[in-house]
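Taking it in order: structure first as structure tokens, then the write-up.
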Amino acid sequence: MDIYAKAKQATYNLIRDDDKNSVAATVFDVTIISLIVVNVLLVVLDTFSGFPPGVLALFRNIEVFSVIVFSVEYAARLWTADKLYPDKSGAAARVRYALSFMAIVDLLAIMPFYLPFVFPVDLRILRMVRLLRLLRLLKVNRYTSALSTVGNVIKRKASQLISSTLVVFILMVIASVLMYSVECEAQPLVFQNAFSGLWWAIATLTTVGYGDIYPITAAGKLFSAVIALLGIGIVAIPTGIISSGFVENIDAERSTEEKHYCPYCGEKVD
Amino acid sequence: MDIYAKAKQATYNLIRDDDKNSVAATVFDVTIISLIVVNVLLVVLDTFSGFPPGVLALFRNIEVFSVIVFSVEYAARLWTADKLYPDKSGAAARVRYALSFMAIVDLLAIMPFYLPFVFPVDLRILRMVRLLRLLRLLKVNRYTSALSTVGNVIKRKASQLISSTLVVFILMVIASVLMYSVECEAQPLVFQNAFSGLWWAIATLTTVGYGDIYPITAAGKLFSAVIALLGIGIVAIPTGIISSGFVENIDAERSTEEKHYCPYCGEKVD
Amino acid sequence: MDIYAKAKQATYNLIRDDDKNSVAATVFDVTIISLIVVNVLLVVLDTFSGFPPGVLALFRNIEVFSVIVFSVEYAARLWTADKLYPDKSGAAARVRYALSFMAIVDLLAIMPFYLPFVFPVDLRILRMVRLLRLLRLLKVNRYTSALSTVGNVIKRKASQLISSTLVVFILMVIASVLMYSVECEAQPLVFQNAFSGLWWAIATLTTVGYGDIYPITAAGKLFSAVIALLGIGIVAIPTGIISSGFVENIDAERSTEEKHYCPYCGEKVD
Amino acid sequence: MDIYAKAKQATYNLIRDDDKNSVAATVFDVTIISLIVVNVLLVVLDTFSGFPPGVLALFRNIEVFSVIVFSVEYAARLWTADKLYPDKSGAAARVRYALSFMAIVDLLAIMPFYLPFVFPVDLRILRMVRLLRLLRLLKVNRYTSALSTVGNVIKRKASQLISSTLVVFILMVIASVLMYSVECEAQPLVFQNAFSGLWWAIATLTTVGYGDIYPITAAGKLFSAVIALLGIGIVAIPTGIISSGFVENIDAERSTEEKHYCPYCGEKVD
């Protein structure tokens, strides 16, 4: 094993996303996560005004430093991609890695810094992509499997959830047009068109109720009462679906365990 | 098989509501669904003002075209109804189809266009019935069985849900009269009568809370706190009922599967 | 069997609260329920102003008629109480009936009409007790058993629900004092004292959010965010408890059915 | 057994936190709980203004009396700590007790009274710690085991709940920056920076909806609709997780009971 292969293996051990044993790898992870959090804070702080020039310069320096670190990290991940996909050749592994969701997010997160050098364009909006790098928080800890359980339950119940959502959507459109018809004369400035009705329907069915739009006529209030009560179903039905999905999951886990031995007589069962 | 029977069979294959194999049937479905969605958009856009005459003319042309297509579709469904109900004679099958929920919706959706020719009346309000045609979205996809599962759960738990709702309704009426008594002196313009109290009770129990009506006296706030906390039960109880319905469903499906073989000894069970 | 006993049996058959077979008993039930609903509407309508004298006179006549019918019904139930409790003597059965919850409600519902004749006092507030007679709606239909299932689930889970509520209550008191401390300087008129803080805590934890009171300082908003997120738990935990109660119920029903026969071999089990 | 040991045993029997048999211990518990509730009321009432000097003096006297009782109680618990931890020596038991959560709360609750005698400092804020003594309400009743069941369910599902919360948090940060970008031009005073966006995201995702901040542009409303609908998932997913935890708990309890006897053949199983 030559020095090149050794360096690559060491780099891969440092950066791969799993529960680390080495101190160096843990330090590396904590550093990257901290830099991501700091960069997210910078995106948030950039929306504030009134910072003195010195602070803005500090912000800029932190950003330059972060982008350099992220670029090196991206290059290292690309370089060691053949360790991640051992059954692929070097080039194929790199292409596959570059097309993975997290790699695209990583690339989009550093690109807004480099692109202005190539052609003059304001890509500040793309800096928000850095927020997505927060998803890496989920990759490097023991919550991944818990999250994948949650994801599996939602995926398994997707068709029930989607069809319920479709019914809700149809109900919303019908409710919004009806509410507009009922209230447009009493509140022409509030219920300007059916789009206002849709905004009302969403605020009511989700029980957010900002209070910027609500019926004032008796007919509108009666109709709103019906929709608000249906809104309870909007919460209850998906909750019931997801609950049953989690219960099913528990049952499945248990029956996998129980498969091998009869719980009553203790005999082995195939 | 003569040409008439062949044409009828071909038409039926094209329009029947199931998972299609032929390209033509899929194209037909997508066309009809698109026209329905466009017509719903037209009903929504009609509530906006300020469109130039050219756009309004376009809207009118789209509507005429849609109604013609929907009319042909309705006629075709009526014609091929004996294929849908093979055990009925031609006339009986057509009457049965014409009285089905979706057929009535389809008829009501095209009628507002034709009726003004017969006798002069403004049936614009009936155009909203077209929104109900959105329900067809649910018929032509694989979500039908998922939705029927949801529907079955709600149906099986109907008596529990209805009796809980009845208790909530009684609670609401009592709360609204009490709240009116407590607040009518402090806010005579807001709590004008017990109907205002009912509107407050609905906004509070469903946790919508628009903010147009709320107690300002100490007694009213204490009472409101009790009602708001009960409002959590209003969400928790139906959710619990529906959750248990979905869990029961899973158990039922599993026990159907398990019926044929003993899970422990593997022997066949009748 | 003499004529007195026969009349008593006939009266009892007419008024007892179960699923009726005779047409007369059903007519009697529908009449009483209708009168109760009409009286509840009268209590609600009395809070409106501006009715012409003729309508007010009609309201008064309906009330007089209802009270007479309710009085006769109450007397009849008292008279036939020994049929309801066959194991008790006449006087004991009547006392026991008179002390039952529904009998007290019935008496309180007619008393405000008679009392002013005895001594001059305004008992209009007591008329609200008539609203409680709405509970009879639950007695005369097939939803009783469904409701008792819901009641049993809540009763069985009472200690879990109460102890959770206690934690929520403690959290609310602490949150209200803290929020008052944080916001009292910025909004002295809104957060006047810890009671205002409690009102805010209830509106936030139950997610009602009327919008009459909310933090405006950064510290207050951060704290409010924590409380609002905890508010999700306030909904999720009782819902989870009640859900598990309903699931347990289903399991219990099934295991009762299964007790008698082995589900696998079909043999009878004691 | 000398008089000292007897006195200590009697004191321990009086103050230990379990279901009491003796009348004296119950009276002691009720007294302490009442004093705690009265002190919490005092902390709440202190935020009100306008009490006459006489009432304020009464408040002060109640506080002095309570602190003396609480101090004696604290000393007694410290003294009898070796009864609570019989396997430890006297000093070790006392240190262990003094470092327990409830003991620290008890000490912090009495300290703000004594400290000003030692060095002049305003520790009124520390008086709020007395609110935490309300937690003792949970220790001296039969709801403890119910509460520990609830706690165990949440603990067992902690990793799923935390990872879901992390996803929600990431979603919130992204939503807040996006909403700020969309609305900052239309409402520069309302959406001043991304922190305002975060405040909006929390009010929307938790469905509180105070109504102090909401989008007014069409793009903002559409985006808000998406977030509000996701807010339903924010409630549904933890509820589903907690529901399944409670169901799992029931199953575990049942299988513990069932372990000893086969439910079908009735034979004892080890």
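The chains carry the letters A, B, C and D, assigned in the order they are written, with residues numbered from 1 in each.
Definition applied: a residue touches a chain if its C-beta (ideal position, glycine included) is under 8 Å from a C-beta of that chain, and two chains touch if they have at least 3 such contacts.
What you see is a predicted model; the values in this text were computed from it and never measured.
Least-squares overlay of CA atoms from chain B onto chain C yields a rotation of 90° to the nearest 5. The most distant chain from chain B, with centres taken as the mean of CA atoms, is D.
Rounded to whole angstrom units, the spacing between the C-alpha centres of chain C and chain D is 31.
In this assembly, the C-alpha centroid of chain B lies 43 Å from the C-alpha centroid of chain D.
For chain C, residues touching at least two other chains, in rising order: 195, 198, 203, 207-211, 235, 239-240, 243, 247, 264-265. The touching residues of chain A, when paired with chain B in their complex, are 159-160, 162-164, 166-167, 170, 173-174, 176-178, 180-181, 184, 192-195, 197-198, 203-204, 207-211, 214, 218, 221, 224-225, 228-229, 231-233, 235-237, 239-241, 243-244, 247-248, 251, 262, 264-265, 269-270.
Within the complex formed with chain D, the residues of chain B that make contact are 207, 209-211, 239-240, 243, 247. Within the complex, the chain C residues that touch chain B are 40, 43-44, 47-49, 125, 128, 131-132, 134-135, 137-138, 142-144, 146-147, 149-150, 153-154, 165, 195, 198-199, 202-203, 206-212, 234-235, 238-239, 242-243, 245-247, 249-250, 254, 263-266.
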